[in-house]
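The structure follows.
In order of appearance the chains are A, B, C and D, and numbering begins at 1 in each one.
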C-alpha cells in the first residue's frame, strides 16, 4: 500500500466517512460505481415486474399502494444515480452501460410476476431480502451512498409490510387465493435466497470490499438472517417454505436450509433467466422512444437560457 | 349521344352484359370504378369494427363464426378489387386513394362496436341493409361486378342469419344481455337506414346510374324494403325499434318511419363520425407497417424469376 | 339523489380512467423523473376517483362501494370524458391529453369547491391542490416540447390535432348537468369553457403550437357511449374482481 | 384419466393461444391476402382447440365443457407452449413464430394420428391436414421474407433470435409426457426433435437465415408457469364470460 492508501484505510478503520472530494483509491471508486450503479439499475428495472400488475390491481386502495411503491423505487433510482454521480460518472453513462449489457441489475427482477400474490411475495421476500442487504449499508464508508441508504431503508421497510399484508389477505382468503399465495412463495423463495449472492468463499471481491466497508456482512450471514426472520412469518401465514430440509438448528440458533440452485443463478446472470430479454427490451424501448422527449426539453431549456442571456 | 354511346345504351337496355374488353363511355367506367372501389374499401374497413370483438368473443364457436365472417369480408374485398382492376385501375392505386382520403368507404363502419350485441346488430342490420343494396346488383350491367355480387350475396345472407342468431340469444338472455341487445338496436338503427343513401331526389348521379343499370332501385325503395323486412324481425326478438313514429301504413303496404338525421350522415361523410379517425389510422398503419413485407416478398419473387431465367 | 350520483360518477370516472391510462407508463417513461411524475399524477387521480366513487356509492345507498363501481361496471356504465380514455400512443399524446384535461379539471374543481354539498366541496378542495400541480407540470411539458426540437414540435402538434375533437365534450352539458347546476352541486359545464379556452390558447401560443380549426365534435361519455378502447381497458383493469368475484383483496 | 386430460390440455391450449395471437392481426395485416390467410390459420387453430378441449372436458367428466376450459381457467391452469403466447410484435415475429410452431405441430400431429386412443387419432387426422397447409404457408413466407430485401432479412433474423430460446420446450417432456408415450396416447416429445430440426435447418438455410447459437432454455408451459403476457391475453379473451358468468351466448 502507498502512504495515501494507508491513510485512506486508517480513516475507514476509524469509522470515518469518505466524501466525494476526498482522495480515494481507484479500486474503491470503481467498486463503488459498480455497486451503486447496479443498485440504481435494479430500482429502475424493478419497476417492471410490479408495474405489470398496476393496471390489474384488484382494489383502488391496493392500486394506489402499488403505484406509490413503484414511484418510490424510481425515486430510489434517482438518489442512487446521484450518489454514483459524485464519483464522476453520469446517469446517462450508467444507463448506456446498462442497456449495452455492460452493467447488471439484480437478477431477481428477471423472474415474472404471474399472479397478484406475486406482488405480495415481491414485497415480502424481495424487499425483505433487499432490506437485509441494505440496512448495514447505512453504515458504509462512502458518505453519499450511506445517506442514500438511510432514506431508502425507511421506505423499503414500509414496502415490505405492504407486501406482507397482501400475502396475509391472500393466505386467509379463498382457496384460489391461498393457492396463489403458496405458489408465489414457491417461485420466489429460492430466487430470494440468491439475492444475497453466492457463498463468500466463492466470491472474489468480498474481502477487499469488506475492508473498505463497502460491504459489511458476508453473504452467508445475511442469508441466514433472512431465513431466520422469514420462516416464522411464513408459518404465521400458514404457508409452507418449499424446502423439505428446512429445520431449526438449536446449536447455531438458526435454521438449516437448502441452498438455491446456483447453476440457475449463473444462467440468469448470463442472460438466460425467464425475463431478462423482456426487461432489457422494455428499458431499451423506453430509452429510445424517449430520446425525442429528452432532446426536446433540452433544446427548449437552451433556448430559454439563450433568451435570458440576451436580455 | 354519339353513335357509340347510343349502341352502348342499347346493349344495356336489351339487358346485355358489358365485359372488360367492350367499349364503354368514360363516365360509365369512372362511375363503376368509384362504386366498386368504395364497395371494396368498405369490405376492408368493415373488418375493423367486427375484428374489435374477435379476441373477446364469448364462446369458441362464436369466435370461429366471427373469424370466418371477417375472413369472408376480406375475400369480398379481393373479388371487388379484381372487378375494379378489369376497368384499368390497380388495387394499390385504389388503396392509396382510400388512404389519402380521396375515396370513401361505407359510413356505417365509422360507428364503434361497443358490446357483443353490436356484433349481432352489425350482422343483422348492417349486413341486412347491405344485402338489400347488393341483391339487385347481381343484375348490374357490368359483367365482372355482377358476378362478384353473386358470390358476395350468397355469403352475406349467411352472415345476416348469424347476426340475427346472436341477437336472438342476447334478447332471450339475462337482463344485461337483453339491455345490450336493445342498446345495440338503438345505436345501429338510424345508421343502417343511412346506408341506402339520401333520398334520390337529392342525389345527382342516380338517374344516369339507373340508366346504365349500375344502380337498379332507388335509395328510398330499398330503405322502405329494409324497414318492412326488419320491423317484424325486431318484434320477434322482443326489441323495440327506436322510432316512436313507426306505424304500419295499410294503403302503401309498408311502414311509415322517421328519416335518420341526415346532418349526422353528412358529418360522418366529412370525417366527423365517431370512428373515422381510428379506422383510417388503423388502415394507414397496416399499410405502412406492411410495406417491408410487400417489398420483401416482391424482391424474393424477382430473385426467383431471375434464377429461373438464368437456368 | 340521482343527479348527485350521476354527477359524482362523471367526475370520478374521468379521474379513474385517466389515472389508469397514465399508470400504464409505469417503468416506461422517457426519463426517471417522468416515471416518478407520471406515477404521481396517476396516484392523485386514482385517489380522487376513490373519494368521488366512494361518495357516489354512499349517495346511491345500494350497498355498493367505490371498488364495486370501479371494477364491476361494464363500459356502458362509465361516465368519463372520451378524452380521458384515449390511448397513450406516444409521450406527446400523453402530455397533450393531460394538459387539455388538467386545464378543464382545474376549472371544474374550482366550481365544485364551491358546491352547496359540503361533501363535494371538501373532496374538490383537496383535489384542487393536486390538480393545480398537475396543470403546472403539463403546461411546462407542453411548452418545453412544443417549443423544443422540430421533432418534438411536430409530435406535439400531431397530438393536439388528434385530441382536439375531444375537447368540446367537457363543456356540453345535458339535463343532469343542468339540474346539478341548478341545485348548486356543480358548475354549469358551459361556464367552464372561457377559462379553459384562455388557458389553452395562452399555453399553446407559448408552445408555438397552432390551434386546430377542426370540429370539437366527439362526445358520448355522459351517456356511456364510449370509444372501442374503453372496453379493452376495462377488461384489463377489472380482471381480478371479475375472475374471483368472491375474494377480498 | 389424468394423463390423457393433461395431454389434451397441452395440445389444445397451444392451439387456442396461438390461434388467439394470430387472430389479433384481423384487419391489420400487410396485405389483404394475409388478412385472409391469418384469419384462416386462427380459425383452424381455434377449431382444433375446440375439439381438443371438448375431449379433455369429456375425459375429465367434471361437468365442464370446452368453453369452460377456455374461458374460466386463469393463466396458471393453461398448458400451452410459451412459444404460442409470445406477442405478435411485427409481422416477422408472427411469421417466424408460426413456422417454428407449425414444424413442431406437424410432427406432433403425425404422432397423435397414430394414438392408441381413437378419439385422439381422429382429431389429429383432421388437424394434420390443416397444419400441413399452415406449414407450407409459413415456410413460404419465411423463405420469401428471409431471402427478400435487406430489411426483411434483418427483421426475420431478429425474429428468429428473439424466438429461438422458446424452441427447446416442445421437446422436453415430463412425467406426464412419459406416461402418455408409454400408454401410446401421444408421441414422446424428444422423438419429435430430429424431424423438426431437419425441417427448420433446411428452411432457414433457404431463407438465408443463420441459426442462433443461443440456449433454447425458456420453458414452463407444461407446469403452468408462463410469461407475463399470457395474463393480459386472458384478461381480454375471457372478459365476457367473467363479467357475465350467468349468461349463455
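Everything that follows uses one rule, which is that a residue touches a chain if its C-beta (ideal position, glycine included) is under 8 Å from a C-beta of that chain, and two chains touch if they have at least 3 such contacts.
The structure presented is a predicted model; accordingly, all values stated were derived computationally and were not measured.
**Student:** If we define chain centres by averaging CA atoms, which chain lands farthest from subunit C? Would you check?
**Tutor:** D
**Student:** With respect to inter-chain C-beta contacts, which pair, B-C or A-C, contains the greater number?
**Tutor:** Between B-C and A-C, the larger count of C-beta pairs in contact belongs to A-C.
**Student:** Could you grab the centroid distance between subunit A and subunit C? Build each centroid from C-alpha atoms only and quote it in angstrom.
**Tutor:** Each chain's C-alpha centroid was found; their separation is 35 Å.
**Student:** If you average the CA atoms of subunit A and of subunit B, how many Å lie between those two points?
**Tutor:** 57
**Student:** I'd like to verify one number: the distance from the centre of subunit C to the centre of subunit D, where each centre is the average of its C-alpha atoms, in whole angstrom.
**Tutor:** Averaging C-alpha atoms per chain gives centres 41 Å apart.
**Student:** Of all residues in subunit D, which are in touch with two or more distinct other chains?
**Tutor:** 74, 231, 235-236, 239
**Student:** Residue numbers in subunit B touching 2 or more other chains?
**Tutor:** In subunit B, 56, 176 touch at least two other chains.
**Student:** Could you please write down every pair of chains that are in touch?
**Tutor:** So the chains that touch one another pair up as A-C, A-D, B-C, B-D, C-D.
**Student:** Can you list the residues on subunit D that touch subunit B in the complex?
**Tutor:** Residues in contact with subunit B: 16, 20, 23-24, 26-36, 39-40, 42-43, 46-47, 49-50, 53, 66-67, 70-71, 90-91, 141, 143-145, 147-149, 151-153, 155, 236-237, 239-241, 244, 246-249.
**Student:** Would you tell me which residues of subunit C are touching subunit B in their complex?
**Tutor:** Where subunit C meets subunit B, its residues are 74-76, 162, 165, 215, 217-218, 220, 225-228, 231, 235.
**Student:** Which of the residues in subunit C end up touching subunit D in this complex?
**Tutor:** Touching subunit D from subunit C are residues 74, 231-232, 234-236, 238-239, 242-243, 245.
**Student:** Could you pull out which subunit A residues touch subunit C in their complex?
**Tutor:** For subunit A paired with subunit C, touching residues are 44, 47-48, 51, 54-64, 67-68, 70-71, 74-75, 77-78, 81, 91, 116, 166, 169, 173-174, 176-177, 282, 285-286, 289-301, 303.
**Student:** Quick check on the complex: what are the subunit B residues that touch subunit C?
**Tutor:** My answer: residues 49, 52, 56, 112-115, 176, 180, 183, 187, 267, 272, 274-275, 277-278.
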